[in-house]
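Labels A, B, C and D are assigned to the chains in the order they are written; within every chain, residues are numbered from 1.
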């Protein structure tokens, strides 16, 4: 049997396989390194990094829902300096691509992080313009074509690494946002971020989350994510990283067939710390079973 | 280092209405475990994604098995309570820091479903111990199992057993003495313990609770506010699953 | 113990209890009458009715997803004449409110149905401007504030019954749509209709649904539905009928606490033909257990 | 009138790789059931919402139990296959119309997992019968159980048993005769049966499949195209779960 080729190239960056982690579900990899060999991952995408440290939202920050979860972490992070001095050196020990997820409250915030990272050993930047959990956490940018295009253009001016714009699913037409990011010069797109939702504790008569609303993720959202990834992949020429509810290799294959060049595993990490490795194994098994030599053969094959 | 395993349930019994005791055979976790640490338990139902954190109540002497005592609080714990001897359950552990073992005259305080982790602690602490257990009513559990390890005092909210009131009422009424406090229980109780410890200028270690997603320090779901900036988060909160669940009373805000 | 009052009034129409059926999941009640006493329901909401018969989409029309389902029935229905001559007389045997869900491809289509029903024994009209499964099935109307307001205004001109506008969740800001419908004169709102999603058969390398995409419903969407119902209830003065993933009385209570005056049970009917009755029982049990005398006390209590 | 019930599984055995036979104790449904009707089976997993339609394979003579024979095709049927004697399962039925009982020399044709409903039909039909069963390979199931009810002919795709080819190849090769055909199986097979019946000018009744949500005629998920306008839908398609699953070949498009 021939070796199966799982390599994919996104905006000129080659990954060993099409699997990364969804930002915010894997920290900077440190804690999961006890469970998964990080060398196996196509890329590690970090938790959102801002210029100064962010405290995040009050607790409770999460709630479980049917086949999903709500989170309102509020982009807590130690700030870009700690990230560069502690987390990045840790990640560089491994043979995997490093994607830093960037968040900000204002355009300047984003640009300062992007500029600070420009000479660091970071392979790609993912710009989170879609976090629904902090008032100025980017979703304002992500729900309007003009501001999507504008912030993309600005970020591209400062970025030395390829730029992935991460899109919000809380919009009427995701294709418009994708086109705006492409027009602004984005090198790739990732989607979906979480769908805004809520849960009520009927005995306490109040919202479960301190923040009232949170972002829905997990298998519950997979059909919506898959639809949006397919719409976007049919609309733009730049590559798409698909995510939303991927638990298994089969789920990942669905996203690849829908047109994603790579996928990210998020909430699944909480259910199973080995999820990323199992998704990679599952993709390989599927390709072997179906006699497919190169994963690129199936990308977008339903279209 | 924590591991994820499929563990066999070797016994499951009901101790009191809604309170269950389960023994899991899992040597690798049992070998590494210490009192005050916890496990993440995963549901078999695929629609319930998040792990349920449950404290270690006992570690078998030969380090092959662990005991968990838990209350049916919702759908996940209800599912656990229906598992039978021989069934398998996905678990991760041991997680968290556990209690530090000080060699001082100790007061162990457990309230409600905060009582279980005190049992392994009582067995492990090599010092004089007073044990104060608070219940809602006369449906107590585990209290007799503490008897070999120290003087046991009870409080009940309705006064049906021991002192009527909470654990601090019992500590005061029986004038329980000690140089260090270990406590686990509902937040209002822990607030009382913290105030009492401050008042008497004694160290208090307390085990906190918060909703968890990863259980291993990666997602920042489970933080509690801290007095000082935390070394890891670089802000004034800390991860209960990783730096805790046991904290020095004065270090955290309740 | 005092009798618990579960009566609610929506746009002047009193329901015995706040539970109706979600359009399209209960036919015109006929098939479910073998399982549930229709007299027990606050109201029966019918499958979408158009002016002429509609054939709907090719099969497969449905697919199961984690805690949810996709449907692309395509609003198949026998047309308003058959509805009036066969389904309506059937429903009038029961002591329950009758809400007719109206669909159309053009504004004129809607108006013809509304006009035809104006002298019929129908208690309320629900205007579906949010079906994602037929090209002209209303979603075009439902994703744009101007057209929402305009079609509402037109329908109100012809309708003799109170008008409920049914909103699509596939929008950036549901509050804008709600305000537009209110401005157009809507008497009440219902939400959510389904979220557009898809599923791929990785072995056949094609979409599971013949229509490629379908509408996601069931417990998976509940957090999103609850968030939107809460947002809308805080925004408009007219009453809201909440739906999306309600399986139990507890779920229904969440929607009432979020601000819905009534709720609809949809996908749950497929899992359990007795679902509507069990939701009603569950609401009563909760109110009794919590010592609440009137269901109206909890409506919107989280706000 | 169909009912929804929680039924007890009284036996579960594997007949062939991936093919299971399950007996359910449910007298109310069994009393009303007739050959060609089906049940909706519900998953215990709460995340799988939709019922699985499974044909009635046998009705116990005393009308207390029903037999289902099914193939593990996905997660739902996999879940069913793991249930054991004594476990409970939620079912609704009997659903659909079932086969009309004509008193003519009959040819019963079953292909693959379309074979099970033919067994109760073979038992019930009071006439001379030829039975043609098509399998993929020599992993056959149920074939011996048909022997008491008529002449049994086999076809296999790989030729390992009976005629190499499909059921129509077997019908032709053995020159099987009859005045009415009853058939159940995959759509390509049914197309072949329909063509054969037209060619020979005999009535063919066939049982169709489609994905179902309600199973009782309310949701219009399960339609098939019809030659004429359907009395209920008022368009040229009809509900398989309600007006079917058995249709006269010429009435439907395949």
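The rule is simple: a residue touches a chain if its C-beta (ideal position, glycine included) is under 8 Å from a C-beta of that chain, and two chains touch if they have at least 3 such contacts.
A quick note: this is a predicted structure, and the numbers were derived from the prediction, not measured.
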Report the chain whose mean Cα position is at the greatest distance from that of chain A. D
How big is the gap, in whole Å, between where the Cα atoms of chain C centre and where those of chain D centre? 35
Note: chain C sits from chain A at a C-alpha centroid distance in Å of 34
Taking the mean of the CA coordinates per chain, how far is chain B from chain D in Å? 56
Residue numbers of chain D (touch at least two other chains): 46-47
Using the touch rule from the top of the page, what residues of chain A touch 2 or more other chains? 66-68, 219
What topology does the chain contact graph adopt: line, ring, star, complete, or other? complete
Using the touch rule from the top, collect the residues of chain D that touch chain A in their complex. 46-47
Chain B contact footprint on chain C (complex, rising order): 66-67, 219
Write out the stretch or stretches of chain A touching chain B in their complex. 24-27, 30-32, 34-35, 47, 53-56, 59-64, 66-69, 71, 73, 76, 78-79, 82, 218-219, 267, 269-274
Footprint of chain A on chain B - complex, ascending: 1-2, 4, 42, 46-51, 92, 210-224, 232-237, 242
Mind pulling up the chain C residues that touch chain A in the complex? 65-68, 70, 143, 170-173, 195-200, 202-203, 205-207, 213-214, 216, 219-224, 226-227, 230, 245, 250, 253-254, 257-258, 286, 290, 298, 301-302
